Each structure stands twice: as C-alpha cells, then as structure tokens.
Amino acid sequence: MNLQELINKSVRELTDVHHSKYRYIPMYDKQLPSAQTLKEIIEVIREIVFPGYFGNPSVTENTVRYHAGVNTEKLYYLLFEQIYRALAFESNDANTPTIAKEKTFFFIERLPDIKRLLSTDVKAIYDNDPAAKSFGEIIFCYPAIKALLNHRVAHELYLSEIPLIPRIVTEMAHAETGIDIHPGATIGEYFSIDHGTGIVIGQTAVIGNHVCLYQGVTLGAKKFVLDEAGNPMDLPRHPILEDNVTVYSNASILGRITIGKGTIIGGNVWLTYSVPPNSRIIQTKAVEDKFVDGLGI
Amino acid sequence: MNLQELINKSVRELTDVHHSKYRYIPMYDKQLPSAQTLKEIIEVIREIVFPGYFGNPSVTENTVRYHAGVNTEKLYYLLFEQIYRALAFESNDANTPTIAKEKTFFFIERLPDIKRLLSTDVKAIYDNDPAAKSFGEIIFCYPAIKALLNHRVAHELYLSEIPLIPRIVTEMAHAETGIDIHPGATIGEYFSIDHGTGIVIGQTAVIGNHVCLYQGVTLGAKKFVLDEAGNPMDLPRHPILEDNVTVYSNASILGRITIGKGTIIGGNVWLTYSVPPNSRIIQTKAVEDKFVDGLGI
Amino acid sequence: MNLQELINKSVRELTDVHHSKYRYIPMYDKQLPSAQTLKEIIEVIREIVFPGYFGNPSVTENTVRYHAGVNTEKLYYLLFEQIYRALAFESNDANTPTIAKEKTFFFIERLPDIKRLLSTDVKAIYDNDPAAKSFGEIIFCYPAIKALLNHRVAHELYLSEIPLIPRIVTEMAHAETGIDIHPGATIGEYFSIDHGTGIVIGQTAVIGNHVCLYQGVTLGAKKFVLDEAGNPMDLPRHPILEDNVTVYSNASILGRITIGKGTIIGGNVWLTYSVPPNSRIIQTKAVEDKFVDGLGI
Amino acid sequence: MNLQELINKSVRELTDVHHSKYRYIPMYDKQLPSAQTLKEIIEVIREIVFPGYFGNPSVTENTVRYHAGVNTEKLYYLLFEQIYRALAFESNDANTPTIAKEKTFFFIERLPDIKRLLSTDVKAIYDNDPAAKSFGEIIFCYPAIKALLNHRVAHELYLSEIPLIPRIVTEMAHAETGIDIHPGATIGEYFSIDHGTGIVIGQTAVIGNHVCLYQGVTLGAKKFVLDEAGNPMDLPRHPILEDNVTVYSNASILGRITIGKGTIIGGNVWLTYSVPPNSRIIQTKAVEDKFVDGLGI
Amino acid sequence: MNLQELINKSVRELTDVHHSKYRYIPMYDKQLPSAQTLKEIIEVIREIVFPGYFGNPSVTENTVRYHAGVNTEKLYYLLFEQIYRALAFESNDANTPTIAKEKTFFFIERLPDIKRLLSTDVKAIYDNDPAAKSFGEIIFCYPAIKALLNHRVAHELYLSEIPLIPRIVTEMAHAETGIDIHPGATIGEYFSIDHGTGIVIGQTAVIGNHVCLYQGVTLGAKKFVLDEAGNPMDLPRHPILEDNVTVYSNASILGRITIGKGTIIGGNVWLTYSVPPNSRIIQTKAVEDKFVDGLGI
Amino acid sequence: MNLQELINKSVRELTDVHHSKYRYIPMYDKQLPSAQTLKEIIEVIREIVFPGYFGNPSVTENTVRYHAGVNTEKLYYLLFEQIYRALAFESNDANTPTIAKEKTFFFIERLPDIKRLLSTDVKAIYDNDPAAKSFGEIIFCYPAIKALLNHRVAHELYLSEIPLIPRIVTEMAHAETGIDIHPGATIGEYFSIDHGTGIVIGQTAVIGNHVCLYQGVTLGAKKFVLDEAGNPMDLPRHPILEDNVTVYSNASILGRITIGKGTIIGGNVWLTYSVPPNSRIIQTKAVEDKFVDGLGI
C-alpha cells in the first residue's frame, strides 16, 4: 500500500457515516462558538474590571473612561456574535438575532455587579493568606481570581440560559488553574480559594458568604436519579454551604446536604451527610503501621 | 565586575563540561521531537476524528472527504518527521527512515479504531453526567475527551515502541486537563472521567469497559523492585479494574491488585488490596472533634 | 436603551471611583512586570541550563559557548527591566535602577548553582521512576522538572527580596503542571516529584535532601495567627520534612511540625502532628458497606 | 498643558464633525472589506491555480483533488463575506446576500479560465526572457505573474460590478510589484511583462494577444471630459494595443489611440497619436553637450 | 575545515574592528528607533485621522471619541519612546527626555491640521480621477493617500528637527507605494498623485496648492556644491512648483528652477530651466525608424 | 447548482491534467525553497554584516563575537537546507547533500568580503547625497543598501551556480525597494543608487567602481538572439559601465555597448550605442507647444 492508497482507505473509513459507533459525532452546518474569541472576551472583561492590571498599561484615572468605552463597545460586538452562534446551535428560531442582542445587553448591564463581587473576593483572599503582600498581587497573580472572574461571568451567562458558552468559559479557567466550578453553582460574596488545584464545585451547589475552600475540595453529587427514558435527571444534588464555612484540602462533600454556618471541615474527609452550624469534622486519626517488606507501605 | 565580565564568567561556569553534577545533562547533535509540531499533530487528529467541532468550521457531510484527505496527508508528513526524530534519538540504525515510515503508516491505519473508541467514551460520559446537555457539548468542551484523545493516540504510538512521543503527547493533555494517564495504560471501551483534575493512571494499569473515574483518583504503584544494578524494574505494578467499576474522588488504589467487576470505591479511600466483584468500599466515618483553640482544627 | 446609551451607562458605573466595594482595585501609573516577558525569561534560562533540549536545537559542544553568551546577555536585559518594574511597583526609591542592576547581577551569578541543583533533581526522578527510560526524557517531558526549574529560579529571586516576580514565576509553573510551590519554600538537593498535579508546598516549608512527593500532597498551614491590626502574621507555619522522607498521593501534612528523616507517609492521610524518624503512617483501613439503593454509595 | 489636557483637546478637535474640511471623511456603521482577508483569498487562489508552488508543498498528482476541494470551499466562504461587505457598502438592497452568493458562484466558475489565461502568460514570459531557466522559476519568482494573477482575478470581479474589491486586489499587486494595472483593463492571452516596476495600465485600455511591455511603460489617458456637474466622465480614454505589440521601457502612450499590430515602440517615447501596424517608433537621438561647470549636467 | 572551524574563522574576520573598509559600520550601545513600532504609530495615526476606514471597524459617530482618546494616548506613549531614541542617537544631552516630551506634545497638537490637509488631498484626487467612484475608495485603496499621510506626518517631525524618524517613515511609504517624497519637501493643499510609482520629490522642493503629479515624475537636484571639506552642501537645489501645475508621467524636472503657475509639463520631458506661468512643455516628437534586423529596435 | 456541485465541478476542471493550456504548470513531489526562510536568512546576514543596526540591539563591541557565532551557525543550518532544496529541484544527483554543504561553506567564507563591499557602498552613497546626515542613517533607512545587500548575497550564490535562490533573493529586494538587479550583474566597489525605484540592471551588465545611478535607470538588452530551437540565447547583451559613470533618472541604456569612464548620461535619454570616456549625453531640448483644447496636452 502506498501513501495515496493509505490516504484513500483512511478517508473512506473515517467518513463512513453509517458506522454504528460513530453515531454520536456528526456535527455539520452549524458554527460553534469560537474558543479563541471567548478567550479574547475574557481578556476584555479583565481589562474592564481590573484596569491597569490587564491590557493597556498606560491607563490612568483620567483616561480610564476612554478605555472603558472602547472595551465595552468591543465586548458588545465580540459577545453578540458568540451568543448568537450558541443560540443558533440549539435552535433555529427566527428571533435568534434579537434574543442574542437582548442577552448581550443584559450581560453588559451586569458587569458592574460582577466587578463588585470580584472586589469582595480579592478582599477575602487577602484576609485569609498571610503570604499575600498586597491586593495588587492577588489580582495580578492568584489563580483563584482568574477562576472566579471566569465563574462569575459564566454564571451570569448561565442564568441567561445561553448554551455552551458558560461551560467553555469555566473550562478555560479549569485548564489554567485546575479549579473546576460548574457555571450553574451559586456563590456568595467574599469567596476565597487558596491554591485551588483540584477543587470541584458541582452544578447545583449553593455557597454562602465568607466561605473558604482549599485545594482538592470536592462539592459533588452522591448519586443521580434516572428519568423514565433512563437518562440522568438534572435535580439539585450538590451540597449547600452556609456562611463562614471553611473546608480544608482534599475533603469530599457529596450529595444535597447542608453544611451549617461556621462549620470547619478538616482535610481528606469523605462527608455525605448534613452537619449542624459550627461543626468541626476531621478524619479518623491515621495509624502507625509496621511493614513487613522494606520499601513498600 | 561589569556586564561583560559577568557574562564571560557565567559562560565559563555554565558550559563547564567537567562539572561532576552536570553529568546528566549533555545532549548535543540530536534533534528532539518538536513539542510545537506534536501539538499541531494532535490538532489535525482532532479535526479528522471530530470534523466540524475542531478545525475548519465549514465542513459538511459532502465536503468532509476533501478535508479528511488533506488532513490525513498532512498528518502523514508531520508525524513521519517526528517519529523519525524520536527513533533517531535512541538509535543510529540505518533503517530508521524505513521503520519510521512503517510506524507512521501503521498509526494512520489505526485512526478509524481510535475514532470508534472515542465515540464510546463520548456516549459513556453523556450517560454519567446529568449536567451534559448534548454529545456536542462533551466533544467540544469536556477536558476528559481532550485527555482521552491524547491517551488513545499516545497508547497506539506506545504499542509501536516509539520513544518519547507518547509521553510528550500525554503530558500535553496532563498540562491542559490535570489528567495524567501514562501512555502504557490499557483502557477499554466506554471509559468515562468526570472533572478529572488530579487523576493519575500508571503505566501498567489495566481498565475494563464501562469504567468511571472521578477527579483526584490515583491508580498507582505501591512499591517497585530494584534489579541487580540497583535500578527500578519495569514490571506490572498498577491495579486491574474490571468492567463496570466506579471510583469516587481522591481515592488512591495502589499495587498490582484486582478490583472486581461492578465494584464501587468511595472517595478519599486508600486501598492496597484486591476486592471481589460488586464490592462497596468507603472511608471510615469522619469524627466530630472539639477544638481547644479558636481558629485551628 | 440603544448600544450607545448602554456603553455610556456602563462606563459611568464601571469607572465610578467612589464605589465603596471597588476600593481594592485602583492601580494606575505603575507598570507591572510583564507576564509575557517573564515567560520569555524562563525560556532563556531553560536554554542556558539545558542546552540542546530547549531553544536552538543545533547547539553543539563546540558552539555552546556562543549560545550561552548571547542568552546570558539577553537574560540580563530582559530580567533587569522586569526587576526594575517590580521594585518600582513597591517603592519610589531613587536608587531603584541601581538596586535592580545589582539584583540582576546577583541572580545571574547564581545560575550555575541552579543548574547544579536541577541536575540532582533529574537524577532523583530517574531513580524513583521505573517508567523513565533516560535522563533526557525527564528533562524534556516531565512536568516536575518544569515546576522545579521555575521554583529554583523564583526562590533565588525571593531571597533577593524582589516583589511580585517570584510569585508570577511559580504561578506559571502551577498553571502548566498543577504543582503549586510557594517561592519561599526551602528545598534541598535530589528532590523528586512524581505526577505532581495537586501538590501544594507552603511558603515556610523546609524540605531536606532526597525527599520524594507524589501527586496531591499538601504541605500546608494548620492555622495562622492574627497581629494586633487583625491581619494574618507571616510566621513559620508549614512542615519541616527531613532527609529521605517519602509522602504518597493526596496526603495532607499541616502545621509547623517535623517529619523525621526516613519517614514514609501513606496516601490520603491527614497529619497535623510531628512524627519521629523512620515512621510509617497510613490511613485507617477502609470498610465494606452494604448500600440500600442501587446506584448510590 | 498636561497629557490628559492634550488628549482631551485633541479628541475634541479630531472628532469635530462640523469642521468643513473634514467633510469627505465620515464613514461609520459600514463594514469595509478586509484587506487582510483579501490577501488570504489571493493566496488561496494561488494555491488552486498553481498547486505545489504555493501553499501546501506536499501536494501530489494524486492528492491534488483533496486540496482543490478544501481550497475551493474555503475560497467560497472567504470571498462571499467580502463581496457581501463590498455590495453593502454601496447599497442597502435587501437582496444583497443573494446577489453576493450569485457573484461568488460566478467567480468560482471562472477560475479554470483564469488558470488557462495565466498559463499562457507563463509561456509568453518564458519565450521573451533569455534569463528564465524554467516555467517553475517564472511561476514562483517573477513579479509579473503575481501582478497578472491579481489582475485577472480583479478583472473578473470588476466585470461582475463588485465595488472596491477589484481595486484593493490590484493595489495589493501594485504595492508588491510596482505594476499598476487598473482592474478595468482588458488584456488578451500570452501577455508578458519584463521587470515591470512603474508600469501603469489605465481603466479602459485594451490589449491584444502576445503583447509585451517593459518596465515604466504608461498606457494612460491624455485628458478627460467633465460632465455637466463638473465631474470627470468615465469614457474610453486609454490606448488600444493590437496583437504582437512590444513597448520598451519608460515609454508613455496616452489617449484613446490605436497602436497597430506588430508595432514596436522604443523606450522613453511620449506618444499621443495612433500608429499603423508594424510601426517602429523611437525617441529623437540624444545629443552630446559640453558642460561649463564640472559636475552638473 | 569543519563547521566549527568555519564559524570560528568567520567570527574572527567579521568582528575584526581594525579592518579599514569596515570603518563606517560600528554602531554599539545606542538603541535605534524601532521600524516595527513606527509602523504601529502610522497605523494609530491612520485610525485617528480616518476612523472607520482603518483600525476598529465598529466605530460610530457616538463612540468615535472613546476611540480617539485611547488612540491618542497610545500614540503619545509609542511616539515619545521613539523620539527619545532618535534624539539620544544623535546627542547625549541630559535634557533629552524633556525635549522628547515637548516634541511629542507638539506633534499631537498638529494632528488636526494634518487631518485637514489630508482631506484636501482626498478631494483633489477624487476630482482628478474619472475612475474614482467615492471618497471612501480613495481613502481606503489609493497608494497616494498612504504616501501623503506618511509624508505629512514625517514633514511635521522633520520641522521639529527629530533625526532618523522622518526618513524611516517616508521610506515605509516608499517601499509600499514606490512614491519617494523626502520629509523635507514642502507641499501645499489639494495635492494629487495618480498611480505614483517612481515619483521622487527632493528635500528642498516646494510645491504649491492644487498641484498634480503622475507616476515616474522626478523633482530632483541638478548638481550639488561641495563645502571646503569636500562634503556635499545641503542647500536649496530642487524645483519650485507654483499653484495648479500638472506634470505628466516620467518627466524629470531638476535644479532650483521655478515652474510658473498653471503650467503643464508633458511626459518623459527632461527639464532643467525655469518656465513662466501657464507654459505647455512636451518632448520633441518621436520618429519613425526603419530597422535593419527583424527583432531589435 | 448548489455549493457542493459547484465545488465538485471546479475541482474536476481545475485538476484536469490533460487540459492543453495547463501544460506549463505541474510541479509535484519537489520541495521548493521557502521564501519565508530566505527572508530569515537575509535578516541573519543583515545582523552579521551590520551588528547593532539590525537584530539584537544590545550587542556591544565586547559581546559581538557571541552574536556573530550564533548567527553564523544559524545561517549555516538555514542556508544549507535551502541550497539543498534548490539543487534537488533541478537534479537528482546523489551527491546533492555534499554539494549543498560545500556551497554553503563557500558562501559563508565569502561573507567578510560581502561586508567589505557593502561598506564601500555606504561610503559612496554618503558622498553623493547632501541629505544624508550619517553613515548610520544610510545603513538603517536607505533602500539602496537593502537592495545592494540582497544583490551582493545573491550574486555570490549565482556564481556558485545555485538555482532559484539568487532570483528569489533579488526579487525580495525588488518588491521592497523597486530596484531590480539581476543576480548575474557584476558590480564594482563604491556603487551608489539614489532613490532607486524603477532601476533595472540586466543579467550580463558589468558595472565598474564609483558608479552612480538614479531612479528609473534601465541597463537593459536591446534584442536577443534565438538558438536553433527557437529559444532565446543567454549571451552578453547588457551594457558595460566603466568606472565613475553617472546616469540620471529614467535613462534607458540598452544593448552590449560600453559607456566610457567618467561619462555622465542625462535623464530620460534612450541610448543604444557606445560612448567614449567623459561623454556628456542629454535629451534633445523639450519644446513649447500651443494646445488647441483647454485641458489636454
């Protein structure tokens, strides 16, 4: 078989639309949102929310309104196109352009509140980390702020019932920070994450104010219910964390349970039941073990 | 000391080939595979396997064969060069170009099967995640699919005994998704990963069909045996998971043990022994603890 | 409201400097270090430390000194500018350019020692991983080496009391590898990390020689002390690991405790007290549990 | 005046829409064709017309149809968008998308003929240049072929009455080659240009087959007629060159005159009247002149 | 000789600072203006002067002031740096930063007038070209406008006695359009150029209002005078063209002569003496010549 | 006809290998030199020849040898690959790699002499242009130096009988500067060009020392001789200019004639016969002409 034959054979097999196993894949004639443009959108939002830290470094208190104007206009055009694509991916409604415009307007009106929430997060992280030297260091360097900006943006888009984009936006943060927050999760003010790698927060989780999570914490589902067709049902199935809860590294909290306010959960705990306010939960004490073989454990 | 003297001094010290501690480093006159090109190769494979989702968005059922032809040809030239470099890095065999060509051909012939396996993974992830709205969302957004595409590609190259490239390919997915699957690991059909950050699957692990892993799960080695020269021996040392096993977040399963089919392992468990089919293993219940000091735990 | 009105309204709200919640954000008239240039700096250092593996592939034993000279000069100019910006961000001292120059000189003088330490790490990783086939594979592919190069560079800059840059450099490695080592952490020779995702090493941790950590390990703080103003105090609060300690996956070790030399800590353990040399610590054995409902656990 | 005041003053003056002199400039709310995309379109056409010389170098006689398919589809989407923009720039017709589609289809149908014409030009240039070593050298290196490809493409678009784009496309060639052919000019088969810099061919020029022009030749208008409103009228006003005419360097031929077939025009001639077939026209002989001063002339 | 020896030999010869012929070349320790940044500066000016045609396409009458503000600020920072470098290249004056700032301010204040002049040029070109369909087409496509924008910018910088930059800016236009106007040339309102390739306008040329030049026209020097040291003296040596002069293609007008107002100069003329107002000058009529040999002329 | 049918029809017609008019075009299975890489090669040579002006701006008298070493090595690898491709394009000789290596070595050995010649050109241009303020301005800004560097490089490669590359290199300069010098032309020391656009120098032209040409000058062929097969013969057919000749703008000098030393040729002259040393040749005086119609000429 020469190269030409190999190519012809591969083309034939790879484009065989009748192959039974391939049935999940066909996706033609629709234009998906562009991951590249969504990245650009997040950068523009970062410039708008944290002027001077990201984007044009020469911005001053006096020229900041020129930059805000140009960036907001740019955001409108970029975001409208992506929202339009995402809506068109799921429906052929003739009103899609109008709906896309309304949702884009609505999002831009929410920007000042997103900025307000993020500024509470910056404060909370500063208060919880003795290693932090300034607010600026947190805004500019900390992965938690990257992840929270993407989440708070994605959550607004999720509430507007825009398909695909919220998930792409949170996955961008997930890839960069290892923090995986589903866009559906509800998160209060002054939320702080330290280190963050491995954190998973599920779709229906509800988090109060002044909550702090460490790396590797899972707020997950314990099980899910199938509907009559045998598909998993999208019901509340992740934990509720009330105000002022702290969860240490690698703890797994699963199911629609409530962690009462002021509670502290120790690291590496596996928790599947509700606990009352101000609880203190830790793993059973580890044990000393004599090994038979030299190296292993 | 001025800048010129500093540079001269640094050059002298840094290029001192007799420095005893540097003895692991010299690597001259060989051309390593290019990480940049391997990234491009993965993108081409993504376009071939999931047309319309990645690469040219205008592909339709009718023009897909033009795209498949161009992409397969492109893949051949890109991959041949990299396989050639990897083989030449380890050996000076005069037949290297011929061997590289054969291995490239063989890989391209395996592409349809890689596509088939990935389509089963898409189905399995859809069935396990109530938050997933469509197959398309999984293909386009989910990190698990990124990691599995890289793994299934790397595993084929690993079976062809191509050095370096399999590992680079899986490390690319590791960096992007936090999912670290050694290219040697054997993975069956309908494999699903949820969230995925922190998952580690070792070189000699064997995973059946319809297995599901959550974030932070380790399928690792408990210990390893040294050969007579004192180097660690490359023997089977990672777990076997039979069909329909589910492992929850942050569980560590270590050693050449067998997890019987249908078993469910709870989160945060440390497991170093085999368990029979249909077992249910969870961590000892966490305890309530009264703290002496206010803040700590 | 039309687009123009929307933009004007958003600009007004977003640039409202009197909004009480925004008070943490203003950052004008200072030029922050450039993340893009710091990335370039790390690449230049990689070329200097591991010639042939990174950067120009044609380097040979004979021409390596030309490359080292050009790269060292380039490093000087790039790094000086960034150190200058970082110092100017925190102070308006008229001597800043002179200080920046001295610190840049000092860092370049430390490069040969950074190279020496990294070569011990390469050796240690090789000795601990049966899957590793060559030193070259480790240097070129393993995330641990990426993370350690950034750490050892950042640690030198941290010791020179340069603000911001050390943290940006380690966060770059964190984003790429999921390994989060604070630039303040002290790490000995022959340090090895396997897989690595989810590892967190705190600011005041002290790690001896020949220590080995697996994925998901946390060397964290248990609690912190507030000063009179209510801000957390920057005191030693992370563990000390003596020589030849091994810690398995997902273990959390917290507080200013000492893990005696030769100790092995099993996976998923939560450890908040010191242990003597040569200890063996593992999690309480997991339990078999009978479930009532089919799917859940 | 500080920087802020300077900026505010400049913004005020520069955006003063009532400034009488600025009245030619306003252009809002219309999206012009993208020069960048038109460049890409020309590159795609080059790949289609001269496969192997431009674009993917691996194309072979066997895979050329895959490339042609992908490139033609790509061309359709890129060109449709630009034609749509150009039409919308001049009119608000609701049928614009339909018309744009028809014109794009029509252009693609003309591609084989464009390819045919260009292949005659390659042959003609080869026959006229003793320095040319192969057809390939002409296709790959000669500016004349760049200019003619752009012209023959632009001329088809001009005949389809598409605004703006034809001119942008010929100006791209003009900038690169110094050859300025108006898209309206009619040019026969086997047209050859040597060197080419400074050639100007006007809008209503008509050139027969087997014509050859050297650098600096102008086929221009002598004068133009104003209409009643005082605007210049767009009438035939450039020369007609019959078959087998040759014009040497820097000759200027002006007005709606006819150069009979087989005529040769010498260099640096200024010609404003028709000449019969097979004429030989040269400049009056230059003269020897004695200068008074040493250096000047 | 192997590669290493070749390199060493070449380095030795190429860096031989005592080679007598190389004495014009050394240029160390100075930072030249960046051609790349000057290109960016011209693009910013284009956006400011012709909003909607260049740069952000979404600009509207309402948002144009945001864009003007951002672009003017950006222009300030980019231009200041380049002017500083150019001044420092020629002098070590301690006031250089202050002078650079003043010259940058002055240039920005001149921008509205540059815009006014260019709008007269657009009008003049439109009135002289029957092929032009709209003002927009001229602004967006015509090389004359590119060349005149660069010239009018460069001329202001030239009048401010900034070294190097004026010439680089006009050479950028020269490379793109083939129109070579020395930044020192004085050009009135409503200046039009048609086609333009090959036009040369010398340093001390003075051009009135409503002047029109065609391709290949030279306004050059006839001779120059040497000073006592034997270097050419920088005296007025190029022509003066009074108002409403037209010069056709390839005419050469040389020396400090005056072309009286309303004069028309025909193509390919060589003119070295002054002519009174309203003259009409053309080349001696070309002649018919009988050739002996078939092909030659 | 829908899009799919259009594409299929176009592909069929465009790839029709039997179309008689397309017979000049097929070019498969050969890899042409890369225009992009040749551009990079010219940039490397510019850095080597004019350190400090191009490439790394931080080069100093002390570090220049590091840069020269790295750049020379880089040049070797880049150029070898391109020379290899060019030779392989014309022949299948098994020795091609060896020959390519020899020719690359030989070129690098010629670099110091290319540098020497260019430094004489810089001096000559400085002496001929009253507007030039420094040698540096000429090296950095003047198109003549760009064109001459490319020519002197291309001429060496031409003398080594390397196909294609010399022409591509001179066409690069032609596109940028409008100066078209055939790589075969022989040019002495201290050659100066002013402005340059439109200059054409033919393949067999021979130019002495201290020659100066102005814009638009053609040194061309008058006619060419056909061989028995009817192809033009590659014989000496362009002028010889002896030492110290000056030619003014737009003059055309054609045929294998000799312009005696010290001669000055005026602008716009058409010259096809030899002239003795120290001649002064100018165009017949232009005439005053009364026009009948108002506007025309």
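When the chains are written out, they are named A, B, C, D, E and F in that same order, and each has its own residue count from 1.
Everything that follows uses one rule, which is that a contact is a pair of C-beta atoms (placed from the backbone, for glycine too) under 8 Å apart; a residue touches a chain by one contact, two chains touch by 3 or more.
Since this is a predicted model, take the numbers as computed values, not measurements.
Touching chain D and chain F together: B, E.
Greatest Cα centroid separation from chain C: this falls to D. Averaging C-alpha coordinates per chain and comparing to chain F, the farthest chain turns out to be A.
Over half of the residue numbers at the interface between copies chain C and chain F are found on both sides, making the touching surfaces mostly the same. Chain A and chain E have Cα centroids separated by 53 Å.
Centres computed as Cα averages put chain D at a distance of 23 Å from chain E.
Each chain gets a centre from the mean of its Cα atoms; for chain A and chain F, those two points are 58 Å apart. In chain F, the positions touching at least two other chains are 7, 11, 60, 63, 65-66, 69, 73, 178, 197-198, 216, 224, 248, 250, 266, 268-269, 282-284, 297. If each chain is drawn as a node and touching chains are joined, the picture fits none of the line, ring, star or complete shapes. Only residues 48-53, 57, 59-61, 64-65, 68-69, 72-73, 76, 105, 108-109, 111-112, 115-116, 119-120, 122-123, 126-131, 133, 135-137, 139-143, 176-178, 195, 197-198, 214-216, 222-224, 248-250, 266-269, 272, 282-291, 297 of chain F touch chain E when the two sit together in their complex. Residue ranges on chain D touching chain B, taken from their complex, read 56, 58, 63, 65-67, 69-70, 73-74, 77. Within the complex formed with chain A, the residues of chain D that make contact are 4, 7, 11, 60, 62-63, 66. Contact residues of chain C toward chain A in the complex are 1, 3, 6-11, 13-17, 19, 21-32, 89, 163-164, 167-168, 171, 174-175, 178, 180, 182, 184, 197-198, 200, 202-203, 216, 218, 220-221, 224, 231-235, 237, 248, 250-252, 254, 264, 266, 268-271, 279-284, 293, 295-297.
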